[in-house]
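Next come two complexes built around chain A: one with chain B, the other with chain C.
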Partner chain A sequence: MTDTPRRITLEEWDARYAELRAGGLREPAYGGPLRRHLDDGDLRLARLLYDNSAASLRLWNFLLTEEERLRQARAGGKKLVGTMKDLGTVPVMAYSLPNVVAFYPDGAWWLPCVMEMSTGMLEVADSLGIDEAFCPVRAMLGAFLTEAHFPIPDLLTCSVGATCDDFSAIAQRLEALGYPILWWEAPSRRQPDPGEAAVCLPGGFPAPQAQVDFVRSELERLRSALEALAADRLHDGRLAEGIRAANRVRRLLAELRRLAYKAEPCPLPALEMLIAEMLAIHFCSDRAESLLVFEDLLRETRRRVDAGQGVLPPGAARVFWVNPVADLRVMNLLESCGGRICGTEYLFCHALDEIPEDLPPMEALARMALADPMVGPVADRAERICADIRAFGAEGVIVSRIPGASHCATEGAVIADVVASSLGLPVVEIEVPPLSDSMQPTLSTRLTALVEVIREGRTG
Partner chain B sequence: MTPAVLYSCSFVPAEWVAAHGVRPCRTLPASGPASAWLAADMGLCPYARAFALEARAGEADAVVVTTLCDQMRRVAEIIARDSPRPVFLMHLPTTWQSAASRAYYLDELRRLGRFLVQLGGAAPSDGDLAAVMLQYDSARAALRALRGRVSPRRFSEAIAEFHRTGAVTSDALPAAAPRGVPIALLGAPMVRNHFWLFDLIEEAGGHVALDATDSGERTLPAPFAADRLHTAPLEELADAYFGHIPHAFRRPNDALYQWLGRELARSGAKGLIVRRYVWCDTWHAEVERLREWASVPVLDLDVNGGGDAEGRAANRIQAFIEALR
Partner chain C sequence: MICAGIDAGSRAVKIVLVDADTLDVVGSATADQGIEQDALATRLYEKLLADCRLDRRAVAGVVATGYSRNAVSVADTTITEITCHACGVRHVAPEAATVIEIGGQDSKLLRLSPNGGVRDFAMNDRCAAGTGRFLEMVAARLGVGLEALGDMALRSARPAAISSMCVVFAETEIIGLLAAHAPPEDIVAGVQTAIVKRVVAMAGRKLAPPVVFTGGVALIPGMDRALAAAIGQPVCVAPNPQLTGALGAAILAARQRRE
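What follows is the complex of A and B.
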């Protein structure tokens, strides 16, 4: 059996899986060959390139069995909470209760891609007046109405205020269709006024204490709702333990990012890293298991780094990626064009930072929620991006526009300006729809152009 | 010279600005001008762009923007970056059910007050504020009284003029009794060079019986309660605006539908035109729901801010009203 890191196709995974099994691979209950997910309708899997490690197999299987896990949780008497829009806060609270499982209905935005438009979810959204002028997260409406992709949660929460209008509007449409929502307010983060009491948020930005206090009061409303749902107390002790558990995941991910984005050659592909980052915000409906998945990935990545092995040839152009892509295949495309990921800002960098453990839990969570890059000025976000670019040594930036998303109309230019003026790096903006196959030549041209400019810069 | 602030959001109380000795100018920007500064890019709301262009080029001393919509929030950042004028971004809570949201709005008004003082204004006493509120309240009563006495277009223009200058112009000739199919107009704020829409509707055989756009009578605050006007004027001001203006952006936004239900019945509207800007998610998402909810037909009129707006609208409005006859 060879353990040489490679990117392989789904076809190749069949043989690789047999090889791993023959070599004594032990899998969790949700394990199995990747092909079964294709047979279940995840058609996009046939067009992707994957990392060939057992750790990545576990990652994919964990991701693609979330729906079953949610149904099992319900069958086992647990309460389900759908935490919309908030990225990384309410799940930490929900998982602090023993009989509650949280998940992101927003995650449905990848279903049109993963199932190659075979689900009809976007058609359902169209029929409700939520057409392609909206972000692909509109697929969530279809997922609720068909009940084909996740169980209807017992409690649905949604953060609004300084969030994107698409999501707020889609969530309002959902509520009007008869799905009650507990709305909570995320205020627009601002600089403290002179003399105003202020705190430093995780990630380093300052904020007025008054804003933190307000968010904390909003989170208290959520705490009450969670307690009512669970018929159990969500006391500070439980929250503190929940924060510590979330931080264990975040620390593992931080180390994984450090290795994957800095080591040369690139030890883990962009696609698996995207999935790993996404897991951290909601634990893919099983916090304990997500920890094990991360430990496996980290072990494999360390092994490769120590052995000087990579999945890409040395010298790949080091690219920082801004915003998640609706089509997973584009992460493969970057690598096929000669690039690699060296840093990301997928709209939830605050959910990667550790939550302060030396503060009262609700204060710590409020500070983290207010550190969300979406609630603050784009200039703040750009500043954080610049800091991470320096940390990871990226040589160029891709700003990936999300079709229809209200924040994407203007943020790309702001980020590009800041990156260019602060670091002098090239920035390319692209737009990625849920299925980008017809746009691959254009996307490929733009990604290749960035790679070439980066390489030119090295020799120049 | 009295400093002036430019804004467009209906939740910024003109009284609060005026009571500080600052001139409030709630504008309806003009759409259309080309600009290399903020190109009409894919995804950019034409209204947000029009406001940004006016804010950057206009003569106001400062700009106030609220978070009522995400695009305006983000455009405020670009105005602040590229304009010498100070920009105040006011967080307007989307939720309204909790006392904390209302308190947050009130705190934002106080913060706005400090900004106005920095601009050269002076913090008003309760008595001064109450006096200004009374003045605006009377003006709005006069404004409301114009409904039916002047043409629908003139009525909506008078509201816009009041927001821009604080004055109510009632010297217009009495209008002929409106004829044709009564129509309710709902949606995003007008731009000031699009009031031809009212004429188009009349030429097609209808008339606007209810201007429920963001720039119309829907966004006028509630009349002030006389007792609280004198005992707690700022709180009363906050309640009249934050507590009473129904809007699509609020979560949940049921109050908009309750208000609309009452006003559609009162106005006798036989059809509803939802005028929205391309890329305005807030109003776009309501269109289909309105179709399901309303007892009258609904026309979705999207406006892209380009020069062909009138021609595009004319055919659709003509067909809509023809079908209603």
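What follows is the complex of A and C.
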């Protein structure tokens, strides 16, 4: 059995799985060969390239079995909370209660890609008047109506206000269809006025204390709702322990990002890192298990770094990636074009920062929610991106737009301008639809050209 | 020895042969693009070699570029059209700081660094409104050849306003203009203006002079004038603008051979 890291196809995973099993691979209950997910309808898997480690296999299996996990949780008497447009706050609260499981219905935005449009969820959204002028997260409407991808939660929450216009419209449509939503407002973050009481948020941006107080009051409403749902108290002690547990996951991810994005050669592919970052927000419906998944992944990455091994040849162009892609395959494409990921900003960088543990829990959570890049000025977001580019040593930037997503439309050009003028790095904007196959030649040209520019810059 | 650059674009295949030592152009050829792109490029390549009384053994390296670059089997390697156009333009216009290339399917803006490399670039995506495709559409709609568009635009006294950012919608506008008896010359001039506005919108930031205009669309009279007006500074059309990508590819093949 070889443990040499490399990217392999689903076909190759069949043999690799047999090899790992023969070598004594021990898997959790949700383990198994990757191919079974293809057989279940996740057609896109046949076109992706994967990391060949057992740790990555576990990551994929954890991701692709979330629906079963949610149904099991319900069958076991747990209450389900759908935390919409929430990048890391309400799940921390929900998991602080012993009999509550939170999940992320917005995650359905990847279903058109993963199932290669075979479920017709976007068509359902179309029929409801939420057409392609909206972000692909509109697929969530189809997921609710068909009940085919997650159970209908016992409580639905949704942040609104400064977070995302698209999502607000989509969630309002959902509520009108008979799915009650507990809305909570995230105000547009602003600079404190002179003399105004201010606090420093996770991530380093200042905000008026009054705005934090407002968010805290909104989160208090959520606390009450969660308590009513669980018929249990969500006291500060439980919240503090929930925050500590969330921070354990975030610390693991932070270390994973440090290793994966800085080590040379690249120890872990972009696709697995994207999945890992996404999982960290909501723990993929099992916080305790997500910790184990990350520990495995980190252990494997460390082993590779220590051994000087990577999944890509040394010298790959170091690219910072802004915004998540609707088509997972594009992360593979970057690497096939000679690039690698060295830093990301997938619109939830605040949810990767540790939540302050030295503050009253609700104050800490309110500050974290207000640090969301989607509620702040784009200049703040660009500033953080520049800081992360410096920290990870990226040589170029991809700003990836999501079709229909209003944040991407308005913020991409600003971020590109700030990065280019502050750091002098080449920036390329691309747009990635849920299935980008027909656009692969043009996407490939842009990504390859960026790699060429970066390489030429090294010699010039 | 000879090096070859093959620019397999969306509308045409262009080939340039250069002397690998002097980088002088020893031959060039173009042909309309088709379905069998590799066969087309290979036939054109062999015909050009024959016309220049050369055979394949005389060619030290072949670089393919352009939209269909990966389909060109005679190439040793591929390089994107971004890098190739920058190299080709720098060869014919060493002072160039900005390159605007408008081809059949896409348009590009390249910012060059002082050493001639690409500092940054932007390309249109999804929409053909900033490309030669727009001109093809209006030529077809007006029943004239592409080559006639330049003179028509120059005769326009009042370019029509084409407001759509999409070629399909713009075609509807053009049908409306024709129904309203707008002069075809004004429609063509309006389309030229719409194309350059689209390119300028993509360019976004200030353009460092000198600006060199290249790509097949630069061959159409009046486009350079429309572009200059839109960006507010003079525009220089590259010599043989349709060939700069292939020229750059050939030069890069020669450089690779030296390395």
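Here is the rule we use: the second predicted complex is superposed on the first by the 460 of 460 C-alpha atoms of A that agree within 3 Å, B and C clash if a C-alpha of one lies under 4 Å from a C-alpha of the other, contacts with A are read in each partner's own complex, and residues count from 1 in each chain.
We adopt the following convention: a residue touches a chain if its C-beta (ideal position, glycine included) is under 8 Å from a C-beta of that chain, and two chains touch if they have at least 3 such contacts.
These numbers come from a predicted model, not from an experiment.
A.B. asks: By the touch definition at the top of the document, which applies to A:411: first (chain B), second (chain C), both, or neither?
C.D. replies: Once the two structures are laid over each other on A, A:411 reaches chain B alone.
A.B. asks: Quick one: classify A:441 as touching chain B (first), chain C (second), both or neither.
C.D. replies: Once the two structures are laid over each other on A, A:441 reaches chain C alone.
A.B. asks: With both structures fitted on chain A, tell me whether chain B or chain C touches more of chain A's residues.
C.D. replies: Looking at chain B versus chain C, the one contacting more residues of chain A is B.
A.B. asks: By the touch definition at the top of the document, which applies to A:347: first (chain B), second (chain C), both, or neither?
C.D. replies: In the superposition, A:347 touches no partner, neither chain B nor chain C.
A.B. asks: Just checking: does A:427 make contact with chain B only, chain C only, both, or neither of them? Give me first, second, both or neither.
C.D. replies: second
A.B. asks: Which holds for A:456: it touches chain B only (first), chain C only (second), both, or neither?
C.D. replies: In the superposition, A:456 contacts chain C only.
A.B. asks: Please give the residue numbers of chain A that touch chain B in the complex, ascending.
C.D. replies: Residues 128-130, 133-134, 158, 160-166, 168-173, 175-176, 181, 183-185, 187-188, 190, 193, 210, 214, 217-218, 221, 377-379, 401, 404-411, 414.
A.B. asks: Show which residues of chain A lie in contact with chain C when the two form their complex.
C.D. replies: Those residues of chain A that touch chain C are 413, 416-417, 420, 424, 426-431, 441-442, 445-446, 448-449, 452-453, 456-457, 460.
A.B. asks: Which residues of chain C touch chain A in the complex?
C.D. replies: 67-68, 70, 79-83, 106, 113, 115, 117-123, 125-126, 204-205
A.B. asks: Give every residue of chain B touching chain A within the complex, in rising order.
C.D. replies: Those residues of chain B that touch chain A are 41-45, 67, 69-71, 73-75, 77-78, 81, 89, 91, 93-95, 97-98, 100-101, 104, 107, 111, 114, 249, 251-253, 278-282, 284-289, 291.
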